[in-house]
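Both complexes below contain chain A, partnered by chain B and then by chain C.
After this line comes the complex of A and B, so read on.
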């Protein structure tokens, strides 16, 4: 596969169209990246050129996570679980009228983070994959705990409420069939509950429907139309793009100033992504937590600081490239999206696994080039997505609310064609609204629900493997490393809280 | 609507309420419209025309896949749906009804309108779910149409493992009960039951190896490569890329005879353990589907499976082809049901 061959219309057209499709699906809450790829794969069989098919599939799979950040920033509804961390500072910036800037920072960080991820894949894949093999149940247990711990401590609001939210999420994650013993827990004989509570309907409900309820509770008929609009959002079409160019340079300038944060986040992201048992969601929270700890203005995180946008968005895209490392080296997918992509590769006679790197240099290089160029195409495609959704959101509030409800219902239903999930979503919408009134952060709950099984299953499987001994959880070097990080984070957070209290008690 | 904490504004004006109702009402209407479109109308009006065998198929077909998009069963379902569509001239969509270890999808397949427009992609779990207490369903709740595939379980170790054959492995298990760690699926999953049955057939207790549950064969291969477990039980194609690369080694397969694709791998029977375990997939229709429609679906499935394209698809995906239609499939399902009932009870998984 020659590089220049990739730039022919027969390849570029499906590639770009695929990416636009990925942006649309990823940005629609409830329509997941997995679904986007699953829908596009049968379509790719009809393309005559194998490279065009591969470009189409890879294009879709790499765009969906950035696209998930768009509704996370503009509406505070994460389009994918990996975008939940973008609901903090990204959305706070949007509320200050800097939504476009936040999304442009996000877009460039996603593209650059993606490049770091692909670079790690190209240069370090076999080494990183060997390293990832050292991870077993013990390490994954701590990694999940760390991810959840960070999200509950950094999501804003009182830390105790963050923990309550995380524990609620953990409790919900216990519903369903337990893979360790095969027992059914809290299912009350319902087959729908047997697979547990799906996190996607919960996520849409908690973030989307609760936001709708908030908007409705603050509803003042006629008032909103007269609200002073932000200058950047109402300009004429001519200055519209000129303004955006200025914003783009601002965004790049900001990323340059935050380059160390960007680099740290991208590396963290691709390393976590390379672990077969962890993904972009933990990567985003890990990077966000680290950026917050290394920042001089820890307390301002969550109020719309740029560092808080740079960290999770570069990490979650770097993690996508990272996730390809075990997928290509072992032929073993780390998550559902990669699983579908690998399935499609088989059809195109690409057999991921240890032999791939040794036998077929041309094919591997072709894949790498497609993955890399996709990161550049992400900028125009993502930009169109940002503009399109920004434009929709400038419609009358009643229409926006209607559209959010529509997509929430369709999204929850289409996940597994189940009306049950629609009810789950609506119930969690109400729960989310109550939690917000009580100022409890929502993100730890969703993370608890997603990471709960990872934490619990690895704890119990670890204990099964060690015949009941706790020692490996503390003695294995990588486990110990995670324990230390977790301990330090707890202590540091405790100290900063005590300082805050002392500062307040002084007159 | 009483103003409550969610709609805290006490004096909702009639305008706002009307707008609110208008918005939600319109939205719900649109949502229902779209959902019906998305679901591709599995429950269209079942008028007399739709059950008329001569007119079959009169509406779009759906293939129910009880497992998630992207997995092996999903790939097979999508392939079959496409072929059904091109042979019968109606669109065919795959509906992934996941959950409950396959129980949700199998339930949907059994209770679908018996007019042939909803075809079930049944899997191995149908033979075990009733005995595991997951569901009331068994093979008797369907009209078996055609078995498509059967993948035999295999015992796989790292290439530098100390065992060269099943006898040596069994010797270690016997001399050090409860020390070796095995993995492959969740507890009670297909490959756990396969190894449990294998141990029982070798006169060893199920607890003589530790079963470390994982989400599936892929993560267990990683565990094996990392040296965190000693043996895994899964099908050969699932681990084929590692086997070909020389990182993993197959001790034996649990098939009745040696596999065509891997003639060098012995069966456990050759080692004196009288045991077979296969994971299977096949098509089924709801009970009470008219005879003529069953025949038409069977004929279509036979036409697909006779094609070179089917063989090529199965080979590329590493699925071993095993075709049994109608009565032969039912006979197979009956024997599976009995076999797994015994194992599940002996292993203590029965509810």
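After this line comes the complex of A and C, so read on.
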């Protein structure tokens, strides 16, 4: 597969259209990046050129992750789970009238982070994948716990409330059929609950409906309820692009100033993405936590700081490239999106594994080129997505509330064509609002719901393998490393909180 | 997210904390009670802690959290004036919250009978006008939004939305 061949219209058209589709699906609350890739794969089979099919699938997989950040920033509804961390500072910036700037930083960070991810894929794939292969149940258990622990500690508020939120999420993940024994747990005789609680309605409820309920509970009739916007965002259509050019340079300037945060987050994202099971969501939280730890203004995170936008958005796209490392070298997908892409590769007679690098270097190079060029195409495609959703900022809040409710209902319903999921969404909206009043973070709950089955399965498999002994969970070197990281993060966060309390109590 | 809350909601009052603690206790209590009904099917490895172990451990942690929260906020509640304790109720505009909640519930209940296009349009008109939008723009917006969602989901993504059994 030659580089120049990729620039023929027969490849470019489906590639770009696929990316626009990825922007749309990723940015629509309730529709995930996984769903975007799953929907596009059948389309790709109808294309005559295999390279066009591969470009279409790869383009969608990268774009949908970025697009999830758009509603996360503008509406505080993560388009995909990987965007949950982007709801923190991105949305806070939007509320200050810097929504366009936040999204442009996000867009460039996603593109550049994607390039770092692909570079890691190209240069470090064999070594990192070999390392990840050494993991067994014990390491996966701690990996999941570490991801959950980090999200509990960095989501803001009291650490204990973060853990309560995470444990609530884990408990919810226990609903349904037990994966090992087949026993029914907490189903209350409901057939809908036998497959467990779907995380998408829960996610929409916690992040979307709870926000709507907050707006309604604080509604003041007669007061002009427009979203905050700055002059550049309400400018006439003529000055529309000129102002955005200025904002683009500003965004690039900010990224340059935050280059070490960007690099650290992209590398963290790529490395976490390369670990099977740990997808872009854990990568984003891990990078956000690291950025917060390294920042001199730890307490300002969550209030709309640029570092808080740079970290998760560069990490989640870098993780997509990272997830490809074990997928291509060993055939182990890093996350659900990569698993679908891997399945599509098999249809096109691309057999992932070490031999692929030996026998079909041209094919591997072609895939690398497509992934790399996709990062450059992401900027215009993502920009269109940003502009489309940016209009929401200028709408009257009463109309936005109605639109968010309707999109949330349709998003929850379309998953399984079930009104049960819509009720689940509403119930979790109320729970989310109640938790917010108590100042309990919501994101650990979502992560707990996603990671629960992985943590439990690996805990039980590990115990079965060790005949009921807990020792291997603490004695194996990599497990011990994860335990130490978790312990150190807990201690460091605790010390930081005590210092904050001491500083507040001083006159 | 948390920092959003710091600005947008009042500080946590003992009533909120107490209710949160009690809610955790109820969830933990009901969960632990229900966990006794979980039964393994088929062969179980003696080293496998079983399907009850993990949820029971989690619910126990949740219960401890609930006890701590309840005791802490009961103590706070007993040591403050009545007017401070009522801050939660004062902070909320229950009228609009009830309009929203009632509207969403009615929409979900009506969807299988009257279908998405009619229910969604009526819901949007009702919500927008009750929030202060004039009826003309409310109707135009409602029809446009319903049509856009229909085109995107039903035609574009082939995701069926309910048409209603009444028609």
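For the reader, a short list of remarks on this structure follows.
One rule holds in what follows: the second predicted complex is superposed on the first by the 496 of 507 C-alpha atoms of A that agree within 3 Å, B and C clash if a C-alpha of one lies under 4 Å from a C-alpha of the other, contacts with A are read in each partner's own complex, and residues count from 1 in each chain.
By definition in this document, a contact is a pair of C-beta atoms (placed from the backbone, for glycine too) under 8 Å apart; a residue touches a chain by one contact, two chains touch by 3 or more.
This one's a predicted model, so the numbers in the text were calculated from it and none came from an experiment.
Within the superposed three-chain model, A:51 lies out of touch with both chain B and chain C [touch as defined at top].
When the shared chain is aligned, no partner comes close enough to touch A:258: not chain B, not chain C.
Once the two complexes are laid over each other on the shared chain, residue contacts for A:405 go to chain B and to chain C alike. Using the contact criterion defined above for the overlaid structures, shared-chain residue A:168 touches chain C, although it does not reach chain B. When the two structures are aligned on the shared chain, A:135 is found in touch with chain B, with no touch to chain C.
Of the two partner chains placed by the overlay, only chain B lies in contact with A:326; chain C stays clear of it.
Once chain A of one complex is fitted onto chain A of the other, the partner contacts of A:441 are limited to chain C, with no touch recorded for chain B. Of the two partner chains placed around the shared chain by superposition, chain B is the only one that A:351 touches, whereas chain C remains out of contact.
In the superposition on chain A, A:219 makes contact with both chain B and chain C.
Across the superposed pair, chain B and chain C both touch chain A at residues 180-182, 184, 213, 216-222, 398-399, 401-403, 405-406, 409-410, 413-414, 417, 430, 434, 437, 464, 467. Those residues of chain A that touch chain B in the complex are listed here as 34-35, 37-38, 42, 132-137, 177, 179-182, 184, 191-192, 194-195, 213, 216-222, 276-277, 326, 330-333, 336-337, 339-340, 343, 346-347, 349, 351-355, 398-399, 401-403, 405-406, 409-410, 413-414, 416-418, 430, 433-434, 437, 457, 461, 464-465, 467.
Chain A makes touch with chain C in their complex at residues 25, 28, 31, 39, 76, 87-88, 91-92, 95, 155-157, 160, 163-164, 167-168, 170-171, 174, 178, 180-186, 188, 209, 212-214, 216-222, 225, 301-303, 396, 398-399, 401-403, 405-407, 409-410, 413-414, 417, 419, 422-423, 426, 430, 434-443, 456, 459-460, 463-464, 466-468.
Only residues 5-9, 13, 15-16, 19-20, 22-24, 26-28, 30-31, 34-35, 38-39, 68-72, 74-75, 78, 82, 95-101, 103-104, 107, 132, 134-135, 178, 181, 186-188, 210-215, 218-219, 221-223, 225-229, 241-242, 244-245, 247, 316-318, 349 of chain B touch chain A when the two sit together in their complex.
Residues 1-6, 8-9, 12, 16-17, 19-20, 23-24, 27, 31, 34-35, 38-42, 44-51, 53-55, 58-59, 61-62, 65, 68, 88, 91-94, 96-97, 99-101, 104-105, 107-108, 111-112, 116, 120, 123-124, 127-128, 131-133, 141-142, 145-146, 149, 152-153, 157, 159-162 of chain C are the ones touching chain A in the complex.
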